[in-house]
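Got some structures for you, see below.
Both complexes shown next keep chain A, but they swap its partner, so chain B is in the first and chain C is in the second.
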Partner chain A sequence: MNALTRFFARLEGPQTIGRGPGFWIGFLVVLTGACLYPQFSDGYTVGNTVYFFTWVFMALGLSLIWGYGGALSFGQTAFFGIAGYSYGILTINFGAAYGFTLVAVVLAVAIAALFAVLLGYFLFFGRISGVFLGIVTLSVTLVLERFMAQTAGPEWRIGSARLNGFNGMSNMPPLTIPWPGGDIVLFPDVQLYYVVLGLLVLVYLLLRILVNSSFGNVLVAIRENPERAEMLGYDIRKYQLGAFVIGAALAGLSGVLYTTWGQYITPSSMGMTAAALPIVWVAVGGRSDITSTLIGTLVVLSAFQALTIHGSQYALVVMGILLVLTVLIAPRGLILSGASRIGRLFGKRGDA
Partner chain B sequence: MALLEARALNKHFGGLHVTNNVDLALEPGEIHCLIGPNGAGKSTLFRLILGEHQPSSGQILFGGEDITALKSYKRIRRGMSVKFQVPGIFKALSVRQNLEIAMQQHYPPAALHAEIDRLLDFLKLEGEAKQLAGNLSHGQKQWLEIGMAVSLKPRLLLLDEPTAGMSPDETRATGDMIQRLNADGMTVLAVEHDMAFVRQVAHKVTVLHLGQVFAQGTIDEIVADERVAAIYLGQSTPSTDAPEAAHA
Partner chain C sequence: MDVGTLAFSALYQFGDAFAFLVLSACGLAVIFGMMGVINLAHGEFIMCGAYVTVSVAHTGLPLPLAIACGAIVSAMVGALVELIVIRHLYERPLDTIVATWGLSLIATQGTLILLGSTMAGVGTPFGSFQMGGYSYSLYRLVLFFMALAVLAGLYALFNWTRFGVMARATIQVPHMAAALGVDTRLVYSLTFALGAGLAGLTGGLYAPTMTLVPTMGTTFIMEAFVTVVVGGADVFLGTAPAAAVLAVVKSVMTSWQGQLFGQIGLLVTVIIVIRVLPKGISGFLLRERA
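Right, the complex of A and B next:
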């Protein structure tokens, strides 16, 4: 019991909203609902929900880098793309037998993280901050997109994997779990749903622990006043790099899951539009809180899809307006502002 | 042996010679005040000591070791700490969290919150623990930052205008606080304009003028020095510059 209380204590803190039995009972109710939901729905809708879930990892990563660490990065989709392509190249070459797709997931995320270490080192140890960080990360992302877009020729291949230029890479195997009596293939249906939901809960809880730890304390200190944080004896470059790499790895996880979901990845997943959308999801929900980011991302994504179906490209205009309105009306984010308002109404939880 | 020593320190910004061959030595346990008219190079000297600027030439020794090439955060870890001129606090975080961020490196988690409570008491901020630091009064913000700086248990505390914007009562209380810290063995280097404060706390005063050490001595020697009076507002003396000094 004592260990359990300590575990819950680490999940709560000044860096996350929601605490106490009330919040966690609500969390369990939502989780139970999410577990039962596929029983009452069809395969297509469940697969579509998985599609929404895959993006959330990238958004949570951006929340860590930008919302907590104060470094606005447009680089999330670059890591998304790198991991997606890496997964494709690895699995097209080595196949799906013996659970290799699972190894490929880990390798692809590691490759994205490694790239983030390299880029982040030059950014943070070169003391690039503020708007320049946004400009450099956006440039890197767009350069990657341009590069991948010109790989249409047959000479652009790694092993048996053709990069295929703007048409994108396809036909990589989906996630496959080796199982006695026949491998389990995770098509974007109920099976993949439970795996991604499990990952999402795990990442969410681990991030709660991370941001409420002493690491998280230093991260928000850097956001608030980098000079002061450094003059308390912290090597702030290492903390910024740490957050950047963790965030990038989460974007990589999104990229891999997206690629296995559709068995498809294209350069446009790193383009200007793609790079800007995570900013909208995270800002609208509330970037400085991971729960708000999670809810906000799912709400904005479903609204965006509904708009795309009915209004085509106007959906992007609506996203732009949404971002501007958020910045003007609720700079902390709509979900986060709403949550603190409700919290104040009920008194006790209001100091979040 | 001096705790802090600057040897022939020079700093140029383009053609501007902001720190000109400064020699300065701080004995352990002393409260040393740095005064001088605007533009005398006090802040630049501070930034050189902290490692925010690199000197064009010269050496800085701390505890007998050459720290001229060390990064700021490493100097802090060796036992320096600073309170900035503009309150350097984490405005959007609670007062308690501000102190937690400063102190978490020095105490095990089990003892941390009791230590924070003790420091809150010392700073007379116990009622404001849950308040956002940005909502504190100006004087409280200054104290909170002094608290954060002191919580590192530094050997040398650097204070850049610790009483700027404070009322005479707050200034007096700040002086008391610094004397209590000094009694526990903390060496202090303070840039300060308020002569009442300097008179209250300083063991030794260095006057900077045009980037050079202009005069050095006890406060009485400095006040009696007519050359010093001359660089402050023509013929008026520093003590008439700050009338409350007469009552100190």
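Right, the complex of A and C next:
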């Protein structure tokens, strides 16, 4: 029991909203609902929910870098694309046997993280901050998109994987779990749902522990005042690089899951519009709290899809308006502002 | 091919790249230098200028006049955007970037809905000339001289006019300028409109050379970003030398490996430059001078 309380204590802290038995009972109710949900729904809808879930990892990573660390990383989709393409190249070349797809997931995320280390070293150790950080990361993303878009020719191949330029790569194998008596192939249906849901809960809880640890507190201190954090003896470059790499790895995880979900990845998933969407999700929900980011991302994504179905071309305009209005009216994010208002209403302690 | 022709060809490509970088970046740099804000809708102001220019040119007006219309309309749209959105965010420069990104989404998709996926362009004027067996577009030379003219015009505006004095005072110490009776809000509005107008001018100037699509802004925006990052906050000590340096990189890489490698070369240069000179060329020059 003591170990359990200690575990819960590490999940709570000044950097996350939601604490105490009430919140965790609510969390368990939602989790139970999420676990039971496929029983009451059809395969297509469940597959579609998995699609939403795949994006949440990227949003959580952006929340860590931008919301907690205060660094504008506008290039999350670059890592998304790198990991997605890496997964495609690896699995098309080496197949799905012996659980290689799982190895490919790890490798693809590692490749994205490695790219982030390289880029982040130049950015943070060059002490790029604020505005410039945003536009350099965005430029990297735009160039990467253009690079992938021109790989249509047959000379652009890695092993037996054609990059296919603007049309993108397809037909990579889906995630496959080796199992005695026949591998389990995770098509975008109930099986993949449980795997992704499990990953999501794991990442969410680990991020809660991370942001409430001393690392997270230093990160917030850097966001609030970099000079002060430095005067207190912290090497802010290392902390920012650390957050950047973790965020990039999460974006990479999104990319891999997206690729396995649709067995498909294109350069436009890295472009200007694609890069703007995570910003919308995270800003609208509330970037400086991972719970708000998580809920906000799912809400905005489902609203976006509903709009796409009913008035496809207006969906992006609505996203743009939503972003501008959020920045003007509720700069902390709609859910975070709402949550703090409710928190005040009930007179709970803390600033949440 | 003799040395003279080769030198001319290299110079021509340098001029072309230089003009593109200066014109792409000047509007962004004016706004950034003044307010420390990066306008992510910069590409969409360029797109606006190009669309207006082509629409006006289709009615039969001469191209220079159409380009002027494009610049003026963009400046007016810029003033409007400043009034509705940017004005409320001066205390929060980082949020301004996010808001302008939202505007960029609205503008790109809005144009697509209203005007369709493409628009009939106008042909490139002036034709071409021959030099050593190669043919060169005369319009590219015009663009080069326009880039120089824009730089000269901005220099004159900021140094020799009343607006320029007030703007420079506002850049240096906004509160002091306000205390001395400068309407800093008006200065900010005018600067934003100026930046948007310059973007519109760029759009108008390049409209005859490219296809008009709602996403055409992204063609310019990466070059504009790169030039402003390398240049730093000052238009004359930053943007112009940065464009000159980057134009060498871009033209060499482009003629060696093609358009895309020109851009990759730019990006790599930027990442190396910010590692060495975090405040850009102008930050370096101003530190040396101080």
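Here, the second predicted complex is superposed on the first by the 350 of 352 C-alpha atoms of A that agree within 3 Å, B and C clash if a C-alpha of one lies under 4 Å from a C-alpha of the other, contacts with A are read in each partner's own complex, and residues count from 1 in each chain.
Assume contacts are C-beta pairs under 8 Å (C-beta built on N, C-alpha and C of every residue); 3 or more make two chains touch, one makes a residue touch a chain.
Quick caveat: nothing in here was measured; it's all calculated off a predicted structure.
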item: Touching partner for A:Ile279 - first (chain B), second (chain C), both, neither; value: second
item: Touched chain A residues, chain B compared with chain C; value: C
item: Touched partner set for A:Glu224, first chain B, second chain C, both or neither; value: first
item: Touched partner set for A:Ser214, first chain B, second chain C, both or neither; value: first
item: Which superposed partner A:Leu232 touches (first chain B, second chain C, both, neither); value: first
item: Chain B versus chain C as contact partner of A:Gly22, first or second or both or neither; value: neither
item: Touching partner for A:Met319 - first (chain B), second (chain C), both, neither; value: second
item: Contact residues common to both interfaces of chain A (with chain B and with chain C); value: none
item: Chain A-facing residues of chain B, complex; value: 50, 71-73, 76-77, 81-82, 84, 88-94, 97, 100-102, 104-105, 130, 145, 148, 152
item: Chain A residues touching chain C - in the complex, by the definition given at the top; value: 72, 74, 119, 122-123, 125-128, 130-132, 134-136, 138-140, 142-143, 146-147, 150, 271-273, 276, 279-280, 283, 313-314, 316-317, 319-324, 327-328, 331
item: Chain A residues touching chain B - in the complex, by the definition given at the top; value: 14, 214, 217-218, 220-221, 224-225, 227-236, 351
item: Touching residues (chain side chain C, partner chain A) in the complex; value: 32, 36-38, 85, 88-89, 92-95, 97-99, 101-110, 112-113, 215, 218, 221-222, 225-226, 228-229, 260, 263-264, 267, 270-272, 274-276, 278
